[in-house]
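Structure, as structure tokens:
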Amino acid sequence: MSGFFVHPQGICETAEVGEGTRIWAFAHVLSGARIGRNCNICDGVFVEDDVSIGDDVTVKCGVQLWSGVRLGNRVFVGPNATFTNDKHPRSKQRPPAYARTIVGDGASIGANATILPGVRIGVDAMIGAGAVVTRDVPARAAVVGNPGRVTGYAGAVELDDASANSLPQDYGPSLIRLDTHAEARGRLYVADEGVIPFTPRRFFLVDKVPVGEARGSHAHHVSQQFIVAVSGQVVVAMDDGRRAYSVRLSHPGIGVYLPPLIWSMQFGHSVDAVLLVLASEPYDKSKYISDYSEFCSIVSRAGGD
Amino acid sequence: MSGFFVHPQGICETAEVGEGTRIWAFAHVLSGARIGRNCNICDGVFVEDDVSIGDDVTVKCGVQLWSGVRLGNRVFVGPNATFTNDKHPRSKQRPPAYARTIVGDGASIGANATILPGVRIGVDAMIGAGAVVTRDVPARAAVVGNPGRVTGYAGAVELDDASANSLPQDYGPSLIRLDTHAEARGRLYVADEGVIPFTPRRFFLVDKVPVGEARGSHAHHVSQQFIVAVSGQVVVAMDDGRRAYSVRLSHPGIGVYLPPLIWSMQFGHSVDAVLLVLASEPYDKSKYISDYSEFCSIVSRAGGD
Amino acid sequence: MSGFFVHPQGICETAEVGEGTRIWAFAHVLSGARIGRNCNICDGVFVEDDVSIGDDVTVKCGVQLWSGVRLGNRVFVGPNATFTNDKHPRSKQRPPAYARTIVGDGASIGANATILPGVRIGVDAMIGAGAVVTRDVPARAAVVGNPGRVTGYAGAVELDDASANSLPQDYGPSLIRLDTHAEARGRLYVADEGVIPFTPRRFFLVDKVPVGEARGSHAHHVSQQFIVAVSGQVVVAMDDGRRAYSVRLSHPGIGVYLPPLIWSMQFGHSVDAVLLVLASEPYDKSKYISDYSEFCSIVSRAGGD
Amino acid sequence: MSGFFVHPQGICETAEVGEGTRIWAFAHVLSGARIGRNCNICDGVFVEDDVSIGDDVTVKCGVQLWSGVRLGNRVFVGPNATFTNDKHPRSKQRPPAYARTIVGDGASIGANATILPGVRIGVDAMIGAGAVVTRDVPARAAVVGNPGRVTGYAGAVELDDASANSLPQDYGPSLIRLDTHAEARGRLYVADEGVIPFTPRRFFLVDKVPVGEARGSHAHHVSQQFIVAVSGQVVVAMDDGRRAYSVRLSHPGIGVYLPPLIWSMQFGHSVDAVLLVLASEPYDKSKYISDYSEFCSIVSRAGGD
Amino acid sequence: MSGFFVHPQGICETAEVGEGTRIWAFAHVLSGARIGRNCNICDGVFVEDDVSIGDDVTVKCGVQLWSGVRLGNRVFVGPNATFTNDKHPRSKQRPPAYARTIVGDGASIGANATILPGVRIGVDAMIGAGAVVTRDVPARAAVVGNPGRVTGYAGAVELDDASANSLPQDYGPSLIRLDTHAEARGRLYVADEGVIPFTPRRFFLVDKVPVGEARGSHAHHVSQQFIVAVSGQVVVAMDDGRRAYSVRLSHPGIGVYLPPLIWSMQFGHSVDAVLLVLASEPYDKSKYISDYSEFCSIVSRAGGD
Amino acid sequence: MSGFFVHPQGICETAEVGEGTRIWAFAHVLSGARIGRNCNICDGVFVEDDVSIGDDVTVKCGVQLWSGVRLGNRVFVGPNATFTNDKHPRSKQRPPAYARTIVGDGASIGANATILPGVRIGVDAMIGAGAVVTRDVPARAAVVGNPGRVTGYAGAVELDDASANSLPQDYGPSLIRLDTHAEARGRLYVADEGVIPFTPRRFFLVDKVPVGEARGSHAHHVSQQFIVAVSGQVVVAMDDGRRAYSVRLSHPGIGVYLPPLIWSMQFGHSVDAVLLVLASEPYDKSKYISDYSEFCSIVSRAGGD
């Protein structure tokens, strides 16, 4: 290869570096590493041999990329962010194989964040500064804290159930209010036939979701869904590939309707959260879309003309 | 009238007393009161003028029946049970009208219970000894405490969701277990199509029911229902006119299926109780049966041969 | 004395009975008892010797008045209401002296209530049916439950702090909203100079009031007060001798202003209730009015013309 | 029999009445009832046929004693206290047998209390005014409320664990403080060998005791015990037949040592109460003394000279 | 400039470096950066172009100072502490402007701390090792945790309300105990006239302060204040420019009196904390001192001689 | 010394480096530092003068070892892990002495962890990535979070009390189930004589252990123990020098039996945890083994043949 820059006080022992990439002072890239085009490898970065880095990646100062790390395209790694590749490190004891840590296209890892071994970080995820990521991160999830908790869906407009009217009229998903009766003897929430736009053929309940966990992160080819927080609170993110919204549901009188081909993630469960999900179709694993990039190309084709 | 007995030391100033009725020592019945047949008016009972008493009624010692009290047939009033007819009594101040207290056929009022003015007590209800009844009581409800709370369905066999198998095979209602998955990321309860024996065309959620309150107390001509406690606990009473059961539901993995023509009452809600009810039919008030006596004659005709 | 009526089957062994008083069947009044004018002593009532009863008193059926009981004028005693005069009764053991139970003028004791020995029940108090009264009851307090708890101020219009505008313009007391700032860093409620119509020269805080207890029950000759629930909830009753209101305070942004010569009682404290009271005057016991009857005559003179 | 008094307006249809007993106006005693000596049967009392009453008993006005009631000697029954003998009363339906309600020698039943059918009330128990007694009451237990809850041991000196020194030196039971270490990393309570005066051969833990319940109510011929509230609070009553004390235990650093021949009852458990009991002997039912009267005579013989 | 040292293996591309400053091995300072006198820029530090550093600053190994960072005089930056300047970093996407992060004179940033973009850190603040600072930090505040929470006032002697006597006699602020009455009907805390040394002309209440937040951080030219925790707990820091104390208030019976010219910060609010503040003066923004450095020079002049 | 490697772009100013040790690019070791044999000092590491490092130690990139740090043999220090030696750092202010931080043989410090000044980290401890260690860490303890909390025992097989059968038959410690009675009046757990294999001569209770704290961390030469969680939950780690297990105890019906010469640590206490420990021997400090290395050599000798 050719056309890449190495600072006089940087060390680059590999030739697998793409055009336009710059490697700065006190950085050290070992033989065997592969780096794409137009990357920026800043001062003091250390790259081991079994590492691959996509195109247009930024790695800020003080970062090490250990054997087993795979960075997609357009990944950002903030200063002093720290990767790992051995779950139970002991000096002079090498694990049979190094854990593989995979960072999806477009993801950002905040300054001084810590990434536990073997974690997969989804496409376009946003890891906050100082976060300690202990488990896989779904596509576009925003994660902060120690241990890291999902607290948002990157790029989504945030609504609560009092601002239900803010969802655009031409948007597929919608918020549906149930008929609510507050009586002296209790509250009643009714969905007579027709209130939700499909006949439920399947339902399930979800509770005891640990604080900071996310669920969902898939779309359906055919099934419609209706989600309501029958107890506690939850945030439902929805995304048609162009516009994303997240809605905090906080009482049983309002729910989210999701048509097919909407990517959805649920997070922000309160301790007492119980979710009811009604679905229009029986369970069929083959009708799920579980890869966000695949989802994006499907809806992009669908929306084209 | 004729054919009734008054003890030599009792006082009876009305002639409206049915055959076979006995009025005992130190009892005092004022002119204007009407008493049915085969009643037993025990020692020390006092009956005012604007009172009517059905047939086969027992009024134990130390009870007063004030103007405005109406007792149906087969009512039992325990010793020292106390009625009232003025919500804010002050000496020498008479309310514009006395509150009317109505006790349904077959109901029992326990010893030393207190009945607040204007309360209606349903058919076959069972008021516990010492209870203070501050609000209306549904048919067959059992009430105890101060203030009185519904704690049972009179005559029902009591089950919990661990004893689901105890419901008879030939009984219409049944308990249905959902498919349960306890995962690291939460618990999941699934009812795939076919698990409940109808397609839900309507559902509703009920929460915040005050402690001690009862709901339901009706039957459906056509609709089937499936009831599950998605959070907290509740007791579901069910009654086909011959056999009655009450089932305590305490987790989201099991629910009650109710076919048509089953009288049901729900009570014993925990503070965090949330009920999900799926129904086979759209809402139609005319398909409700809200009078227990009417329900009994419908199912009795239906079951006859 | 003369001019009173005894039913032929009643027994009256005292001559100390006022004109117009009626004693009914199976009632039994012992020698030594004193009964005022225009009283109604109903069937089955039993009156011991060391008892005094004022004028215009109603004693309903099934009541006993034991030695030591003193009833004021216009007292109402509901059916089967039960008095006591020995705190630790044992058969054949007589206490050195019987407890004295005093019921103030105009008070009502509900049906089947129980009054523990030695309790004082204030003027115009309203004891609910079935209540068990275990401690003294302030003037006009409404008491229900077992044990009895203060839950209202008899005859007051009930408001909450959302209905602040319902206090009449020409009424002395008023509700004052503080300037409220809800900030990300906390909530702030400000009373700049002039917001409350006096300069506070004294303040006090009240917390840990047991559930069901009442405090206050006095008026001030001179002092103005401002009361705010800085935590939790409380109900403040206020009474100018003609009109009475009770206001439930439930957050720190609104308080009650009380001018002089307003009788006030506080009750309905939540477990976490803390009250702040600002006063315009230093403490001076001689400026308190602690007797409700005296208060009524003072304000009646003041308001006369 | 002879030598008893019946008021001219009382009715006594039995001859089984002991000498010195008085039956007052409007009382009515049916044929078959048996009443002991020196009893006082007050105005308006009603006594059915299958009733027996011991000697020196007081039954105040407005009380009915139904078939199945058995009162021991020296029992006190307060005014309007109400007995029952049918758990599910329905008019014109007689149970196969009436429940038998037994009141032990020396017990007192407070005014307007309600006694559910079939309850056994122990020797010297003290039922508070207005209480609704729904379950058996141990000897000397004090009961109040609806439902009735054990709140004391009649006649005991009440201590808490801060007043441990108040137990007399010559009293068998004692309070033993454990060696307590409050450290930054937790609290530690140690009982080295010899701190408690026996070698534990058996221990048990008690938790989830319902509020208001009592446990124990027995003595041991041989076994020594050491009781400590390892979580929450409990009151331990102890009684050597002459002197009784109750001690509220509220933290794990202090326990009660009970030598043999001490009657003990535990009550007042907080919701989170867990009791640890160490015993010096293996379990042997024959070494228990479960009858308080028998206990009293054993210790009275033992203490004689 | 002249008179500064650069290690042979360090790189310094700016000439704006003050006398006495040392730049060590593997450090890299870009052109445009400005560094004051007597600073210590340790091994491996990286300094971008739009950065300014005051005098006497220490920057330990592994730190990067990005464009937009401004360090005052005498600032300490611990090893691997990490700054940021882009709130939503994405590779190859530059924000319109970099966030400006300002660190006040004398502040210390602990080892491995993370500073979110645009945060202002006050004079003499103390950021703990490993803290993640997500919001502005008041002068002298001590911050720890992820997210960072205010937990102290740097250099203050820590007291609680049980150690009230430890405040020096000659110190302006003082702790004042209210007159406390623990009654069966509740607790009462009274401040009669004269107990606090001014007449309140204004008061305010503060509640719902998020955990870890600080309030106050200013002094008054004229106003006196009295602060009491009427519910929950709070820590009040006070500082006369020479000596600083922080007092944990934990019940309504004791409060802090602050004379004029005392800098105060409140922090450590419990979830249920409600603060009452009485002030001697009406609100006048111009009488506040909100800059700690200005405060220090005012009290230093005032105290001089 | 001789036989160690320094990368051409590394700087090593000390000669006290053991054979086989390698010092890599951009690392900088100051004069005075002592490094053992076969160590790996990676890119960018900085080592001050008063530092000693044992044999076979790995120090990954981006780590600084400040004066006062002592690393034992076989220590692993992950990338960007950060040490400190001044509790209250201020620029240009040097503490009288630097805190001494000691890391035991075999311990591992995870990537990007922060070690507060003066902390002692026990033999074989495992500090998780991103942890902030604020207090001493026992031998083999696993620590994670900010602040760091003990959450495991390194290398132990993890069981709960439902998997009691998983402890090997030939393992010294065992789980013992108590006899459990769930009664209407409470739950009872009985250990009759013989259920635990020794006579308890000593017992103690432990409660209020802060979340994340560990206790124990010692073995006994002679004493046997039985540990039961009488309230709440706790994890008991046990280690015979060859195999280690940790058991989560979560109810009072099961406990852990520990024979002599078993090293045990308790951790993971829930907020309501109360532990009961029965011991076979009186307290004798000289029979404790409190040093894990000593324990290992004792059991290794004992197990030899």
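In this document, chain identifiers A, B, C, D, E and F correspond to the written order of the chains, with residue numbering beginning at 1 in each.
Just so it is clear, contacts are C-beta pairs under 8 Å (C-beta built on N, C-alpha and C of every residue); 3 or more make two chains touch, one makes a residue touch a chain.
Being a predicted model, the structure only gives us computed values, none of them experimental.
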| item | value |
| --- | --- |
| Touching chain E and also chain F, the following chains | A |
| Turning angle required so that chain C lies on chain E, C-alpha fit (0 to 180°, nearest 5) | 180 |
| Centroid spacing, where centroids are CA-atom means, of chain B and chain F in whole angstrom | 63 |
| Centroid distance [mean C-alpha coordinates] between chain D and chain B, Å | 35 |
| Contacts with 2+ other chains: residues of chain E | 9, 26, 44, 62, 80, 112, 146 |
| Category of the chain touch graph - line, ring, star, complete, other | other |
| Chains that touch, pairwise | A-B, A-E, A-F, B-C, B-D, C-D, C-E, D-F, E-F |
| Complex contact set, residues of chain A against chain E | 9, 25-26, 38, 42-44, 56-58, 60-62, 74-76, 78-80, 106, 108, 110-112, 126, 129-130, 144-146, 154 |
| Chain C residues touching chain E - in the complex, by the definition given at the top | 178, 184-193, 199-210, 213-215, 228, 230-232, 252, 269, 272, 274, 276, 278, 282-283 |
| Touch list for chain C against partner chain D, complex | 9, 11, 26, 28, 44, 46, 62, 64, 66, 80, 82-84, 88-92, 112, 114, 116, 132, 146-147 |
